[in-house]
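Chain nomenclature is as follows: A, B, C, D, E and F, assigned in order of appearance, with residue numbering initiated at 1 for each chain independently.
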Amino acid sequence: MGILDTFVELWKSTGIYGFLTLPGVDGWGRLIMIFIGGVLLYLAIKKGFEPLLLVPIGIGCILSNIPFAGIADHVSLVGLASTQGHESVFQIENVAGGFIGMFYDLGITSGLFPLLIFMGVGAMTDFGPLLANPKTFLLGAAAQFGIFIALFGAVLLGKYVPGIDFDLYAAGSIGIIGGADGPTAIYVASRLKPELLGAIAVAAYSYMALVPIIQPPIMKALTSKEERQIKMEQLRHVTKTEKIIFPLVVLGACILLLPSATPLIGALMFGNLAKECGVTDRLSDTMQNALMNIVTIMLGLAVGSKMSADKFLNLNTLGILVLGLVAFSIGTAAGVLLAKLMNKVSKHPINPLIGAAGVSAVPMAARVANKVGQEANPHNYLLMHAMGPNVAGVIGSAVAAGVLLAIVPLLG
Amino acid sequence: MIANSVVIMVVGMAVVFSFLILLVVLMSVLSGVVLKFFPEKEKEAPAPSSAQAEIAAAIAVAYSRS
Amino acid sequence: MGILDTFVELWKSTGIYGFLTLPGVDGWGRLIMIFIGGVLLYLAIKKGFEPLLLVPIGIGCILSNIPFAGIADHVSLVGLASTQGHESVFQIENVAGGFIGMFYDLGITSGLFPLLIFMGVGAMTDFGPLLANPKTFLLGAAAQFGIFIALFGAVLLGKYVPGIDFDLYAAGSIGIIGGADGPTAIYVASRLKPELLGAIAVAAYSYMALVPIIQPPIMKALTSKEERQIKMEQLRHVTKTEKIIFPLVVLGACILLLPSATPLIGALMFGNLAKECGVTDRLSDTMQNALMNIVTIMLGLAVGSKMSADKFLNLNTLGILVLGLVAFSIGTAAGVLLAKLMNKVSKHPINPLIGAAGVSAVPMAARVANKVGQEANPHNYLLMHAMGPNVAGVIGSAVAAGVLLAIVPLLG
Amino acid sequence: MGILDTFVELWKSTGIYGFLTLPGVDGWGRLIMIFIGGVLLYLAIKKGFEPLLLVPIGIGCILSNIPFAGIADHVSLVGLASTQGHESVFQIENVAGGFIGMFYDLGITSGLFPLLIFMGVGAMTDFGPLLANPKTFLLGAAAQFGIFIALFGAVLLGKYVPGIDFDLYAAGSIGIIGGADGPTAIYVASRLKPELLGAIAVAAYSYMALVPIIQPPIMKALTSKEERQIKMEQLRHVTKTEKIIFPLVVLGACILLLPSATPLIGALMFGNLAKECGVTDRLSDTMQNALMNIVTIMLGLAVGSKMSADKFLNLNTLGILVLGLVAFSIGTAAGVLLAKLMNKVSKHPINPLIGAAGVSAVPMAARVANKVGQEANPHNYLLMHAMGPNVAGVIGSAVAAGVLLAIVPLLG
Amino acid sequence: MIANSVVIMVVGMAVVFSFLILLVVLMSVLSGVVLKFFPEKEKEAPAPSSAQAEIAAAIAVAYSRS
Amino acid sequence: MIANSVVIMVVGMAVVFSFLILLVVLMSVLSGVVLKFFPEKEKEAPAPSSAQAEIAAAIAVAYSRS
């Protein structure tokens, strides 16, 4: 082949050529997706939207949509296969595929990465404020209402809006965005509807970043200024023993009642036990740092690789974004309303703003509750009170995830 | 499928609430037990770290000498 | 399906239902194993039994025995298989199975995790005290006697006690508990008899934690107060060059004489060389910290997953616990007795207590030797002297492991 | 089997027996390779030759050549295979093979490890000096000339020297040594000619370590003392925004023009973006430290495992060593000569010594340029000026790698 | 094959140079745009770390008292 | 199998002892060689860390001023 021919062949391997000549969304669609990846990077870096996740997701989206590069290609094992009796042996000689595809195939479809992240979350979470005021568990339950309303909405959209195509598996995966908890959303979506994983993860992290914008109007609309000024009693000291017992109690209850949630709850509570037990600080430290960061990089890239044009550039994605916002809003409202109700019933005052923190989005939602409270009364510090429902919301959405994983396959 | 989504909503919220109410009850009881039978010993303030100690020493020396 | 039916189906997926209705050990057996996992956590957290390993093992045991959750299920690769000529390709689209099962299948059956831990052990071990007094190598050899006595005992139990079923592979795996070295025991058991891995690892780490209780009576019974008071000469300074040469010499000897031990010895000595050579501190630091902690978490969970009711709730486990104790005791005694003999022969005084440190269980056994020595003479500091046999015991049990891996398959 | 027979069998499993009785290079060849591994350790530890890589490579070489130990054996998945329709399931029960073989099969053949290292390199690289003086990009381009000359030389050797057997794939892999960039060389060789990976990686890292010896004579021969004394203008301050835009611009250009280089450039620029964007310091820190160190250990061992006697002890290896040296020398010369030319044309003075830094070998080559400059004029600090071409050389060799990956398969 | 290796050399060096020249142009233009439209704000010196602050405090106390 | 376990015991202990005795011999010889031909140079005390240095400076200032 001559020099000119080689240049021509090389030209046929350029991205420009790919964008222009590959058929349909596989061509120009890739360019749009690369642009969307750039938008995610912009939001993450300039606007501070959950950068630890959205930077890797954005890069993952960009790299995975490059024509001819195959960076998100499935892993292929190449080697010698043999079978003797009913035992087979596959000797690997070569592993083909893209490196981000490898992260996706091995770390996401298996559920491993979100569980490791959740372990790290457990090792970073202090359940003390929740244990000091266990009633706030209920606020973490109420805020899950958004999950199920969004699920219902997804089914409606799927049925009545042409161009949107959501079955019950999709609806469950979309609803879990309302859990406001990244690893839980990724875990559920990867089990129920992996095709939607990209859009769901982006929606979940984006709305978590938007909590300071989404929540305050709802919180203010549902509360009077007097309610927002309510001062809460100081939280009691929680002993080390209670903090050690707590993860085991939650895990025990989950084992007895909801095994489908035990991978998530088990990972979370293992991390928390490692933190609280006081004799495994090395492990807890690694879960929170080295391991969590490594997995975050790989998980983010892998999630980004699910933002392919054919799966992302359609009305479904729009539906997911709308429903995710609905889920966050309803969850916020449900938390606030239950807190108002509890305040009526309880003898200890409860500021209804902390109900909004029940959606999780730790610790952003708790900070928002504190901030809105201080707007009404600058001397009112709600942060620690809001941490109770906030961390309860993590458990609440893991439980909701367990329910979805258990019953969606029965009904869908 | 709409009926099914209503079923999921009802069952889901029921399970979430039941589960977290159960945790409220369990932890309230267990906290009571722990606080009654395994109260935390008073802990001394942790010894200041060596770097802080040296700084404090420097300050103390500065004070005493002056 | 109506609401009531769904609740009924959900009830059938609860742990309570599973414990009550699954057949035999697969039902109530799981509950017992979860309880045993809780006991391990209690021992680790409240009693300080090797918490870095027993907390993950305990959680692994609990999570793996949850009915219907499948957290320890084998990894399954799902995708497209094709064969062209004698080359096969398996394109992975999905990885199924439980996340702890994944750690076990990929990290334990391959031998990878114990070797990485051993590399970290090497990077944390200072062989200086051993090099200052090379004779103490012999004490690290004598203490391996417990391994072979326990192997013999296991064969006897397997032959004469009904309900105990040990073949030579099992006996070798049980014997290695006497090596008092977790990664070595896990490596050998995973190669020779994986079914017993759970019980063997638990016995090994438990007895390592119990070294301060098991060893002193034996040490005192075999020595007079005068012997326990023997002061040893101060250890000479060991140069950096000797410390760099040492791992290469051990590896070289192992290559020439015992290739079956080279994965273990190679990993250990690679770690030690990285520590001592002075130009790879980054790698040595990572081996000791981030990598070691990550692997410890995964290895602990995976080992715990082998504590399934059908493999654990039987007389074999009882036999393993008894034989493990025998192995530790005999190893301790052999070390002390050889030290007494050496003291008779050598012109430099040797306190026989340091012989007990030859079992390894670093650094616990060396501390015990020091403590028992100080009971006899409060001004006698044996710690550094005992570190010699202590680290020699690590090499000794790796060599014993190599012998077992080489000849058990020939004879079994 | 009796005691004596067992000893005989054990003797037949020793390394000595293997070295003496295994046929041809598989016997004594292993001993030679173990010796060569020892030489690498000596060079790394005593002479400071790239110890972070050459210590693991040396140990990998030693361990992989031990007879009967199988530490570099391919991974084999053992389990149950089944097929339903066109979907296959392989349930893994056991993973066999050697632990270093596992690193090679999963981390090198897939390209994963060099890409992760390159990500860490990106997170450690400051492109500021390059952005302050973008013309120095050209020097990073010129220095890649060595790559293509060495490729040409490899083809010539393959054609005319009996005993040397290089096809175009081999020639491309050998040429890339001239990129003076370890991960790039390993990535390209693992894609084009994995059989030569061991020799190529050893040559690349050795010559990178030898840069202070190889480059100065060439630099001095091609420049006059006056030229070496040229002072350059102080570099302007580069803003944070430019540093954030830069990785995205490079990635964008690579997407449009050279998708085959995007795995390398993408990983490098992801790491750099994580460093510069200021909101993902956790990730950048992990890329540079924990993750990079872990991968370095595994990659080094895996690369060492490709130094098997049958692939290493032949004239090809000698050819690779010679061509690698040629590539470094030509690259150095081309960089210096282009800098001289630019100095003639440009209105801003350019010291031709900094052209030599265009080969990459970061930061060694830049230090060499600075040192040679100070020999001519002790008050001339060229270090920051030389960092521009130095980091441009990293991009330059990744681009050259992309070209090779794209056109060698077309022509070969 | 020798012809092919010449082809690779020509094409390869052409692509490497074109690519890096493109980067020179792009970054020169973009740097101009950035420096003109998004000039960097003057940054204050970063606050000294708490440990340094305490040391400074110790020194200050020592000075003022003396 | 009992016979076999005795074989393993004998062979095993023999190998373990032989191997470690070999190491005793090898390391004794090599230590002798190293100590004779490559004796360690005297090393200076490592410089105190910068934080300690600053504390020391603070103390010194405090002293000198008082």
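As a working rule, a residue touches a chain if its C-beta (ideal position, glycine included) is under 8 Å from a C-beta of that chain, and two chains touch if they have at least 3 such contacts.
Since the structure is predicted, the reported quantities are computational estimates derived from the model, not experimental observations.
Peer 1: Which chain pair is joined by more contacting C-beta pairs, A-E or D-E?
Peer 2: D-E
Peer 1: Given the pairs A-E, A-B or C-F, which one repeats the contacts seen at D-F for over half of the pairs?
Peer 2: Interface equivalent to D-F, from the options A-E, A-B or C-F: A-E.
Peer 1: Which chain's C-alpha centroid is most distant from that of subunit D?
Peer 2: It is B.
Peer 1: In terms of CA centroid distance, which chain is the most far removed from subunit A?
Peer 2: The most distant chain relative to subunit A turns out to be F.
Peer 1: Please tell me the distance, in whole Å, between the geometric centres of subunit C and subunit D computed from their C-alpha atoms.
Peer 2: The computed centroid separation for subunit C versus subunit D comes out at 38 Å.
Peer 1: Report the inter-centroid distance (CA atoms only) between subunit A and subunit F in whole Å.
Peer 2: Centre-to-centre distance between subunit A and subunit F: 49 Å.
Peer 1: Mind checking the centre-to-centre distance between subunit B and subunit F? Centres are C-alpha means, answer in whole Å.
Peer 2: That pair's centroid distance is 43 Å.
Peer 1: Which residue numbers or ranges of subunit E touch two or more of the other chains?
Peer 2: In subunit E, the residues touching two or more other chains are 4, 7-8, 11, 15, 51, 55, 58, 62, 65-66.
Peer 1: Would you mind listing the residues of subunit D that make contact with two or more other chains?
Peer 2: Within subunit D, residues 1, 6, 10, 75, 77, 79, 81, 90, 96-97, 257-258, 290, 403, 407, 411 contact more than one other chain.
Peer 1: For subunit C, which residues are in contact with subunit B within the complex?
Peer 2: Of all residues in subunit C, those touching subunit B are 1-3, 6-7, 10.
Peer 1: Considering only the defined contacts, which subunit E positions touch subunit A in the complex?
Peer 2: 4, 7-8, 10-11, 14-15
Peer 1: If we count contacts the way the header does, which residues on subunit A are in touch with subunit D in the complex?
Peer 2: 1, 6, 9-10, 13-16, 18, 34, 38, 41, 44-45, 48, 51-52, 55-56, 59, 62-63, 66-69, 71, 75, 77, 79, 81, 83, 86-99, 102, 289-290, 293-294, 296-297, 301
Peer 1: Please output the residues of subunit C touching subunit F within their complex, sorted ascending.
Peer 2: So the residues of subunit C touching subunit F come out as 131, 134-135, 137-138, 140-142, 144-145, 147-149, 151-152, 154-156, 158-159, 167-168, 171-172, 237-242, 245-246, 249-250, 253-254, 257-258, 392, 395-396, 399-400, 403-404, 407-408, 411-412.
Peer 1: Going by the contact rule at the top, pick out the subunit C residues touching subunit D in the complex.
Peer 2: For subunit C paired with subunit D, touching residues are 74-81, 90, 96-97, 105-106, 109-112, 115, 119, 244, 248, 251, 255-260, 262-263, 266-267, 270, 273-274, 277-280, 282-283, 285-287, 290-291, 403, 406-407, 410-411.
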